[in-house]
Structures are given as structure tokens and as C-alpha cells.
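Sharing a structure, written as C-alpha cells. Questions coming.
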Amino acid sequence: MARNASVQTKVGFTVLAWAVALLLFSPILWTIVTAFKTEAEAIATPPTFLPLTFTLDNFGDVQDRSDYIKHAWNSILVSVGSTLLGLVIAIPAAWSMAFAPTKRTKDILMWMLSTKMMPAVGVLIPIYLIFRDLRLLDTVHGLTIIMTLINLPIIIWMLYTYFKEIPVDILEAARMDGAELWNEIVHVLVPMAIPGIASTLLLNVILAWNEAFWTITLTSGRAGTLTAFISSFSSPQGLFLAKLSAASLLAIAPILLLGWFSQKQLVRGLTFGAVK
Amino acid sequence: MGSITLEHVNKSFGEVEIIPDISLEIEDGEFVVFVGPSGCGKSTLLRLIAGLEDTTSGHIKLDGEDVTGAPPARRGLAMVFQSYALYPHMSVRDNIAFPLKMAKMPQAEIDKKVEYAARTLNLGSYLDRRPRALSGGQRQRVAIGRAIVREPKAFLFDEPLSNLDAALRVNMRLEITELHQQLKTTMIYVTHDQVEAMTMADRIVVLNAGNVEQFGSPLELYKRPANRFVAGFIGSPKMNFVDGPEAEKHNAHSIGVRPEHFALSTTAGAGQWAGTVNVAEQLGSDTFLHVEVEGLGLMTVRTDGEQTFRHGDKVYLTPAANRIYRFDAAGLALQDKPT
Amino acid sequence: MATRQTRTLARTMMAPAVIVLLIWMAVPLAMTIWFSFQNYSLINPMMTGFAGWGNYEYVIGDPSFTQALVNTLLLVGGVLLITVIGGTFLALLLDQPIWGQGVLRILVISPFFVMPPVAALIWKNGFMHPGYGMLGHLFKALGLEPVDWFAQYPLFSVIVIVAWQWLPFATLILLTALQSLSEEQREAAEMDGANAVNRFRYIILPHMARAITIVILIQTIFLLGIFAEIRVTTGGGPGYASTNITFLVFRTGILSNDIGAGSAGGVVAVIIANIVAIFLMRAVGKNLDA
């Protein structure tokens, strides 16, 4: 930045920006501090900001009441599982489209994108009935399949934009060096695309983790993910704000941390490479 | 062994015909250069031989064996790319070892060959570096190292020196020529630079718009260009061409005189072309004069570096009689003289 | 590039992705369309057979549909308005030379990573609850009567929550676009004597136009499908006051077990999304150099 700004302007902008940012962040901040309060303090008037009596009891209660660990484990299985499965299907497809494009490649990419735009409710009922008949309702593997399918277009698109940046010469050199397709992909393409693949993985884990339509409609007790876990707190039961905050914090903390590391990739992934 | 035969090779991309019909015989151990202006199809031709593109029709034979449909991995050729195409995630050692690893050679043997290649190419101290930590010239050597370890039937070079600076280019040119003398393996080398072609090649293929204009030794091309295109492309500075009445005097549609085949004087005489110096480029060893000749247009003249000329100086040019190239209306050389 | 062999290989490599997506898209959609013309209720298994346009007439004719459609438009429009204007403002602000830019970015982007049910619940209980929500405390401190947001302004409340979640997305994308504007171009404009307002009007805004379009289109796709926020806050109510098309289909098909009518609603939702999708595909497609 070569722009010159007087100190006053800089101070002004800084104060304004921090005010707005803290305002936007306040619901999260409030959740964090409330999670460590007692229930009585959580709803006290006037409210306290930092907990007067710092307690970790809420987290224990949440675990006892709704089994956080089981839901979190389901969330990990579904989000990581669906992303890995998606990568296995997407890497060969993205290789094809990036390095052996045909006249139809663009149409296929656009078509894949269009599947992402189909509203979930449009297919909710058949999927629900199919899942019921195949006994996939409320199973982790059933949910993993759905999650793979809904995120596959994004995975392919992201990989495609990353693969496009790899010079085709290098893959051709591998071919000249006697590498068959498998070796070309495993020894040359994938190692070169590791940053891109990692970003894709990260973003898709986040998207799958936060997906809240299929996880709620297709699961109940057994395979419920954290979105289902938190939804079970939607009807208040006595004093519960502190527990709700603890549960919320537990549900979002892992992904909040991942998300902070993946801002750039997020832009690229969610705009299908249109904004980099 | 590494003789390469092309039989009526044709390559089209959709409607566009890049190479209409080429037949060539490249002998084992030859250093052949494909040269031509950009877009002439020389790189495509090389990629066809490599197997990175397939022919639309026609056949490619390696040592008499038809490899037209074989994938690059099975052809036993090695290629050095313009961008070097080194594997950025591998060390120099692993880059050079990669083709051997693909051939499932035992590790001990791989190590021996990599060591040998590194010694040949002076890469010993860089073996554990990544390509991005190397200079352009070093990268080029690694690319060559990767090519030589697998002892290919032939080497294919795709404009390998164009990313290097001028001084390094001259060095690498020599190194590649030496390498050829040492290995005696067939090499096909693509360039747009006719100086590289002249200095390195046993034989040169001059390509234009996907057609072979001429295939011959450098001096053959220089002395007896088959047509106006080759005459203009080979030789630096370019040959001067004259059409019209002056050419008709020599029973030709057009005539050409190389800049080095003029006698220059500052006094008028019979049979001379009178002109005015426009620009004088003094290189020290030589001077190139751009002379505006009355009625004939701009001519380039090479003269020794001792004389100095200025803009506007009057000069008189005498083309060496036995060095006037004559062409018919189609641009083909008329072959009775010169020799 | 590439040889016939490579191309054949490429087709094979692409096949799994194409096939699973094709099945995923075609089979359930075909079933939805089929169900939408059937009398099919899980509660009343006696009622079967071809329904003609009956389900559509039932769904579209019901006042709840009109309300859900209006709610959907208000929800999408309201959130877009807030996020695009707010996002532009925030992006411009974060692009200024300020202290702690990195931390600020993290604070601003965070709401996007909060899963929808959590976002809805922390707003519902921590902020909008008339008894112990922050806004309740604030109103009381100002001597005002606390508002029961979800009872009195259900749709507005949902809009606020969704806008809070999507504002970071708009900000991040617009900021990325803004930062790709070359410093030289800005400086040239400054040299040419353009003041801040003119620079925004003639240099920055046109540069961001494409990113804004993309933000609008992508958000629209996601906003049409808003579900969890409604499910855990108002449950679509009171009445149908905060029911959008997505939630209506869920209500009809899954909660009321009327497969036929729910499917008809689903088809309508697909048609609406397709209209938006066509525009999005054009915008993204233009940028695709395949």
C-alpha cells in the first residue's frame, strides 16, 4: 500500500472498522462468555459481561444431556468422509477437464454447476422415501453419500481451477519419461497440486460440517451430526441459556478455527473460481 | 539405434490443417534441426514424433517399427521442453531419477546413472536442491540430465534455449553439440532461430506453413536454397530480393543477393547499383549498411568493420556475379548457376 | 493437445463424476415430478391414482403458498439488500489503511462459519429473547418495552439472522475484488484529479460490478433454500408468517406426509431456482476459459 494517509484518518478508520467488526462479532463473543457463566448469571438483569463465577459445568451438562461427542464424531465422519470420497471421484474428472479439454468440457462444467443449484426441497421427498426404503435414514454412510453428491460440483470446480494453473508441459514430461496415467497423477499431478487439494478439502469440510438441511431432515438420534445436536436445543427447557451457549460453542469452535485459515480458498470455492 | 521415418504424416485440428503431408527420413545418430517461423508446424511435428499428439493420417516409424499409435511412454524417446518442465516438488536427483523409477530400475542402478549424469553435466553439487533454487542454465542441464539417463533412442528438443539469455544460449548451444558428439544419439531440435540451426545441425528441415521447404545440410541450404523462402530464411542478415526489370536482366522473376555478396565502393562504375546509406550498424567486426538503392529499394550490405559510413553517404554496390540467386514466378530457385 | 488415447482415457476418468451427478440430478427430480401428479399421502394410503394438476392447484391455490412466495421474495430481497450494501461499505472500510487488519478480517468473516442452527439459536436466545436477550436488556436500559421479536416480527427477525450470516461472505468477496484493483489505476485517477466520491463512482464501483453480480447470484441460490434458521426459530409461524417455499414443502411433504402436494411444491421451487440459475450460469460461464 503506497497510499498516504494522515494519522488522524487512519485512527478514524481504525476506530470505525473495529466498532463495526466487534458489533458483527458480538453474537459469537456473547456466546463464548455466556458459555462459562452459571445459568442464573446468564439471564441476570442487568447482564454481566465477563462471568462472575467462571464455570465449566455447562460443557459437562451438555455432554450428559445430548452426547456432544457422538454428534461431533458423526460430523467429522460425514464431513471428512464425504470430502475424501468426493476427492477420489473429482481428481480424475478435474484432470480430464483441465488437461484434455474438449469442445464439451465447458458445457459439462456448467452442467455440474447447475446440479448445485437444484433446490434441496425439489428432491427432498424422493430422497427421503428412497432412504426410508433402503434403510439409509439416520445412518452415517447414507448422509455421507448425500453430502458427497451435493459438494461434488464444488470440489470438481475448485480442483479444476487449481489444475488449470499447472503447466501441461510437466505432465507431458512425465509421459515422455515413461509414466503411465496412474503414475502421472500420483507422482506428478497430485504432489504439485497439494496446496489446491488441501484448500478444496478444507472448504468442503467446512461446508459439509455446516450443512443443515439434509443433516436435519435425514437423521434423528443415531447418525445426527452437530447441526441436529444443536437443533435439539431449539425448545427451551428451564434455565438453559448458558448450556445452549456451551453447546453452540462446542458446535462451531472446530470449524471457526478451520475457517479462519481458509478465507482465500473460500472466496475461490464459493464463486466457482470467478473471483480469485 | 534411432532412425526416424515419417510417411505422409498429416495433422489437422478440426478444420485447420497444421501439417498437410510430410515425409522425412532421419538417420540414426543424426542431429536434425526443424527450423521455421512461428506457427510453421515445427513444434507440432516434434510432438507428433514424441507421441504427445497423434497423426490424423500417415505413419511414424522408429527403427523401422511403426509407432504411430503408441503412447509417448512406450516410444523410448526423451524430450527437453522449452519450459524445462522439471518436477517442482522433486529434488534434482529425483527429477533425473524419475524416468528410471518409472522403468522400475533397481535403486542401486538408478543411483549410479544419476551420479554419472550429474558428473557429465556438472550438477554434482545441486543434486539435493529443488528446481526453483536453480538458475535457468542449471535447470536446462537438469532437463537434459533427465533425458540422457534413460538412454533414449532419440532426443527431442523443443526450443530449449529460448528462455535463456544470449550469452548462456551460446554456451548451451556448444554443450548440446558436444553432448551429441559424445553420445552419438539421434537428436531432433526445434528452433525458430536459424543461427542455432546452422551451427548445430547435421541436417536442417526448413518448415513453412506445415510444409518441408527444404531438407539438407546447413551449407547446402545456404549455397543452394531450393526456393525464395529458404533463401530468405537462412542467412543473417537476410538476403536482399529484387523484382522487375533488374531481375529480368538475369532471366528470372526475382533475384536475390546476400548482404555479404556485395562489393562496395564509394565511386561510380559500370553495372553498379547506386544508393544512399540510410543506417549504418557498426558491430566492430562487421558493419551492416542499410542502403536505399535507386529504383530497387532498401538493401542490406555487409562490409568490414574498418570503414565508417554516415547517414546520407553515397555508395555503389556490385553484386558478385556468381552469387546471384535466381527465382521463377512461383519462388522456386532456377538451378543453372550459381554454384 | 492430447492424443486420441488421452482423450479416451479422459472420458473414462470423467465418467464416475458425470454418472453419479446425472443420477443424483435426474432420478429424484423425475420422481418428484411423477409424485407431483399423484395422489399420494402417507397418512391416507387409500388415496391413490393420477391427480392431474390437482396437487398444483392445491398447493398454489392455498393462501399459504402465496404467503410463502411473498416471504421467500422478502427474505431473499431483504438479505441481499443488507448484505450487498453493508458488504460494499465494509469492504471499502477494511481496504483502508487501518491497524489490526488481519484480526479485523477474522472477526468480520466469523459469522459465516457459524452453522445455521447455531446462528439462529444464539440470536433467538442470546439476543432477541424479550426476557434475557441482549436487545431486551438494551431496550430496558433505554426505558423501552422489550420486543418479542419472533412473535411480533417473525420474518424480519429471520432476515436479520440470515443477513448476519451472509454479510461476511459478501464482504470477503467484494474485498477480494477490491484488492485486485491495481494501485496504479487508483493513483492515475487521483492524478487526474478525481476526488474520493468520483473515484468510487467511476473507478471502484465499475470494477466491483462483476463481483457484486456474483455475490447476488450465489447468495440468491443459497437464500432460496433457507431452512434451518426457520426450523429452529419460528417453525414457520406464527401461522405462515415466516414460512418460505422451502419450509412449506418440508411442512407439507414431511410434516404432513402429503407426498403429492409436497412434490408439487418442490417442482415449483425448482422452477424458481432455475430462473435464477440461468442468470448465474451466464455470469460464471463468461468467465470460464475452458
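The first chain written gets the first letter, and so on, giving A, B and C; residue counts start at 1 in each chain.
By definition in this document, a contact is a pair of C-beta atoms (placed from the backbone, for glycine too) under 8 Å apart; a residue touches a chain by one contact, two chains touch by 3 or more.
Here's who's who by UniProt: A, C = Sorbitol/mannitol transport system permease protein; B = Multiple sugar transport system ATP-binding protein.
Predicted model only: the values in this text are computed from it and were never measured.
Colleague: Answer with line, ring, star, complete or other to describe the graph linking chains that touch.
Modeller: Contact map by chain: complete.
Colleague: If I average the Cα coordinates per chain and compare with the overall Cα mean, which chain comes out closest?
Modeller: It is chain A that sits nearest the middle.
Colleague: Would you mind pulling out the distance in Å between where the CA atoms of chain B average out and where those of chain C do?
Modeller: Once rounded, the distance between the two centres reads 59 Å.
Colleague: Centroid from C-alpha atoms only, then distance chain A to chain C, rounded to Å. What do you get?
Modeller: 16
Colleague: In angstrom, rounded to a whole number, how far apart do the mean CA points of chain A and chain B lie?
Modeller: Chain centroid spacing, chain A to chain B, equals 54 Å.
Colleague: Specify, in ascending order, the residues of chain A that touch 2 or more different other chains.
Modeller: In chain A, 172 touch at least two other chains.
Colleague: Can you list the residues of chain C that touch 2 or more other chains?
Modeller: Touching at least two other chains: 1-2.
Colleague: In chain B, what residues contact two or more other chains?
Modeller: Touching at least two other chains: 51-52, 71.
Colleague: Which residues of chain A touch chain C in the complex?
Modeller: So the residues of chain A in touch with chain C come to 1-3, 5, 9-10, 13-14, 16-18, 20-22, 24-28, 30-31, 34, 42-47, 89-90, 92-93, 95-97, 99-102, 105-106, 108-130, 149, 152-153, 156, 168, 172, 181, 206, 209-210, 212-213, 216-217, 226-227, 230-231, 233-234, 236, 241, 244-245, 248, 251-252, 255-256, 258-260, 263-264, 266-267, 270-276.
Colleague: Across the complex, what residues on chain B touch chain C?
Modeller: Per the stated touch rule, the residues are 51-54, 69, 71.
Colleague: Using the touch rule from the top, collect the residues of chain C that touch chain B in their complex.
Modeller: Of all residues in chain C, those touching chain B are 1-5.
Colleague: For the complex, give me every residue of chain B touching chain A.
Modeller: Per the stated touch rule, the residues are 50-52, 71-73, 77-79, 81-83, 85-90, 98-99, 102-103, 146, 150, 156.
Colleague: Can you list the chain C residues touching chain A in their complex?
Modeller: By the definition above, chain C touches chain A via 1-2, 6-7, 9-11, 13-14, 16-18, 20-21, 24-25, 27-29, 31-32, 35, 90, 93-94, 96-100, 104-119, 121-123, 125-127, 129, 131-132, 134, 137, 140-141, 164, 167-169, 172-173, 176-177, 180, 183, 186-187, 210-211, 214, 218, 221, 224-225, 227-228, 231-233, 245-246, 249-250, 253-254, 259, 262-263, 265-267, 269-270, 272-274, 276-277, 280-281, 283-285, 287-288, 290.
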